[in-house]
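First chain A sits with chain B, and in the next complex the same chain sits with chain C.
Presenting the complex of A and B:
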């Protein structure tokens, strides 16, 4: 990032050719205007959700005036939603499912990626390709047979059923990017370890995992955000509010027939979106590395 | 992937027998390590895929084999043809818009000084970070017929109110708008990463040769980014084509089933109306198209890896 910026900010070289620096100024103006415009549009929905969440029901229903402004900001929607036991159950379910899925995913994909990146065995190439192909299979293609399978296991209407099926969303991609990260570790490192008499498990735990830590963090973030945001599976497999995770819980239970308590719905949706946003805010670079790794690594 | 063929040079020094033992042990360990992965792919992807095909050949009560009858019935109904049409309109126009907006924004981000990029990038990626089901709820409220805040803004600029979710073509547009809003940041990030990987010398050489801005784009940037553009577009076509969240929350298929895409229609038929075989058949209709897209994505990725190594 720094190198590209440095080389492009070299007006000194071209300074005498006035047209170039004015071209550059124009480019900057267009850039900032487009970015400001895009930022306004991209941030408008969450901002409006936040504005609504601060309004009383009376103010929401009031058609007079600008809907983008709050006249009497109140936190009562937040206190109401946080003291709503159903909402807390949704939150707990989401947390439980996500933690389990992230753990399962990371164990499965780290082990498999290590084997696929470093040990050649019969079918390893085909398996690596298969991993990528399964990543390309959208969840909506298989949710009906999975509905039957989960039903056959007696896990419909249970958050455990979701723990069983979510790895289809997370494992292929995590394995794929971990293969890329492991493959980028120089072979000299494992040769040195082998000469020192390290076993495979020592090699994985003492060399590969510490060295590929950025990749592991990126994969963990991916698994976390995907299982937090999963929507198709819980919508299909869970219909009892007690077992619902947040996404479907907010969408189906808070939005009740005719009386829309919009302030509360928006407060609930924002609180539900908070964990991924917080993770993103603090680990943005890993998040973006994981995002772009699918196409650029592996 | 390329490194899977790593031959351990350390083993070579220990002589033939120990080397053989070594590899034999290694492949056993490797197999055990990949076993959970194989179980997930086999049990939760391959088996359900086969099971879906089997299910789609059964009658409604799942008691009788009726061959391809479900597919034939589907192709006979007008609603299903509308679903096919809407899925294609939705996916193609949304992906096109996302790609164009993403490309434009990536360029704009690349043009500003490097120290400000991080901040802007962080802000512009927010739509991608919020779980789509929840942000669509916000859009739904913005599209609400009587309290629409978008219509309020339009009225301020003397544009008449728009029946966002009530009128079929506007409903289709709304679904596309939300999908573009959600997906454009992803394109932006991918293209930005690609732009940064274009060597600066190429631009310098082009500048010395007196290339205009458009020529630089046409003859330097685009050829260098071609591969990542095609991977991103195809990948997004798959995801958008199979989209569920946005349509489910925003319109739930209405008005008059005109905004249903494959996924929501499969859900409607297979789970809500309880006709599991027909729902499976609807989902399977996506498969040929997705397989073609997936083939090209895979080719693009392999090619890219070869270029890099």
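Presenting the complex of A and C:
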């Protein structure tokens, strides 16, 4: 009883604190509900893919029953995919293209970002904005002129053509992330390095790259994801199965006219999604740190 | 040979704004020179031009007799300590200190010897394996100094190195810096906006204002014989009092009339010097420590008058009394045992041996 009395006697500020805490509770509930809703929406496709990948063709075709449940789980789709040499060629092509694109992207964007963020030269600001603006042009607009260019280089129908083309998507954004990251490094650090006797290249290699590692990792993950998941360009530029990456290989080889090998398509798609998932799982913290620096200081 | 010569150096930015307006300064070998002045006075720009981090618009800078205008920072044989330490965050203390020597391809044993020696001087030997983030502000500043010392350069440049430290640590590091200079004796140019740092560290203080050098001299000379009102007001804490006054000639002796009808005689030794000011409005400059409770009356040239304190600030070892005379704030330093109360008139003694008269138009001390 006395406790109740004491509560009633409390000055206004404590009642306000109580209402704040109830507001906070509401905010938490709203956040949880929204997050659960978002998680369901985003997880539904991969879960459905996984469920379907465990079904036989007959079970997939059978419209009776709940499609979210597996009655007779099987790994035959996975064994079929993994024992199919064409799928391994797709995988190898994707890996080869991605490694090359990531390497090219990181070399170009690191150098470009360092120059744009640190070497004051005429037009550097405009150039930095221009680099980012190129990222805003959709790839669906670019693939026709790029088709001409890749054709002119004799790289149509070759995975090397994709190695040349993907950096047009990855370099602008990676450069932008890195400009932001480099700009967040105190200017005195390069001045100290200059006085210590470092050349521009030594400054980049010994100071900037190690200090900006979170930003570089974020940019690398982005380049990796874009390159691994690209669909429009390979569809436009590659038609021979030997040169196809996973994204279009799975679709082109497992869809025959109007016959869809759904189980294998889903198994293939899940296997294809595995490398990015692994990369994100291990480097998520760096990715967030890198993007945040780019966002606030860029 | 590591003197620094600054000859008619100008720094102009785009749009014609001049940060440094043709300054001349000769810094001798082994000398510790402090550039001091308010924000935007051009002191940091001057230091950065010596370092080669800013291009020189006009004039020339020579280090050890060699004009360095077109020589990049790394070839100037200078070392710089920055306000925010600028330690390489991914390197250990040892690597930070060794970085410059490694780039210059010094033998490993020599690098080790120099780093260990510098670490001993600065008392940071136990920290050599730590990363900068594991150090306190004072330790970081020591490492930054160590990085400069190991290079054994011709000139040390310090850009407000103590500004990021708390007051207690600042005093401690100030002593450290002075001790290090006494040990290594490298020519040093030190920039600060803190006049106490300037006074305590410098062999000579260079007071800058609006891109020009107002006065150069040993700390005591600047304190006792300022040449301009700016220097008189900038050096010393609390600042010198400037009271509107008029010099009058009466019966062969000069006297200064202050507000509230206070008149003080000009000491005989200064009569000739101030003769030209007779009949003119001037500023009467006197430091708070020369405006005290009544004491030392047996000395010459002590004037006693009555003033009414408005604010009393007991500081422990002294008490500051503030009052206003015709709009001018006046600060007096009195003994803490002297009774003083706001609003109660009391007698003050001005030591006229230390008075200054300033031309209010030119700002020059007469």
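Here is the rule we go by: the second predicted complex is superposed on the first by the 253 of 298 C-alpha atoms of A that agree within 3 Å, B and C clash if a C-alpha of one lies under 4 Å from a C-alpha of the other, contacts with A are read in each partner's own complex, and residues count from 1 in each chain.
Here is the rule we go by: a residue touches a chain if its C-beta (ideal position, glycine included) is under 8 Å from a C-beta of that chain, and two chains touch if they have at least 3 such contacts.
Quick caveat: nothing in here was measured; it's all calculated off a predicted structure.
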_Once chain A of both complexes is superposed, is A:85 in touch with chain B (first), chain C (second), both, or neither?_
neither
*Report for A:194: first if it touches chain B alone, second if chain C alone, otherwise both or neither.*
both
*asked:* Tell me the contact category for A:202 with respect to chain B and chain C: first, second, both or neither.
replied: second
*May I ask you to decide whether A:152 touches chain B, chain C, both, or neither, giving the answer as first, second, both or neither?*
neither
*A:210 contacts which: chain B (first), chain C (second), both, neither?*
second
*asked:* In the overlaid three-chain picture, which partner chain does A:116 touch, first (chain B) or second (chain C), both, or neither?
replied: first
*asked:* Quick check on the output: what are the common chain A residues between the chain B footprint and the chain C footprint?
replied: 191, 194-195
*asked:* Touching residues of chain C toward chain A in the complex: what are they?
replied: 51-53, 72-74, 78-80, 82-84, 86-90, 99-100, 103-104, 147, 151
*Complex contact set, residues of chain A against chain B*: 1-9, 14, 23, 27-28, 30-32, 34-35, 38-39, 41-46, 48-49, 52, 60-61, 63, 66-68, 107-109, 111-112, 114-122, 124-125, 127-134, 136-149, 164-165, 167-168, 171-172, 175, 179-180, 182-183, 187, 190-191, 194-195, 200, 225, 228-229, 231-232, 235-236, 247-248, 250-251, 255, 262, 265-266, 269-270, 272-273, 276-277, 280-281, 284, 287-288, 291-292, 294-296, 298
*asked:* Residue numbers of chain B touching chain A in their complex, please.
replied: 1-11, 26-27, 29-31, 33-34, 36-38, 40-41, 44-45, 47-49, 51-52, 55, 101, 104-105, 107-115, 117-118, 120-127, 129-135, 137-139, 141-142, 146-147, 149, 152-153, 181, 184-186, 189-190, 193, 196-197, 200, 204, 207, 213, 228, 231-232, 235, 238-239, 241-245, 248-249, 262-263, 266-267, 270-271, 276, 279-280, 283-284, 286-287, 290, 293-294, 297-298, 301, 304-305
_Which stretch or stretches of chain A touch chain C in the complex?_
186, 188-189, 191-199, 202, 206-207, 210-211, 213
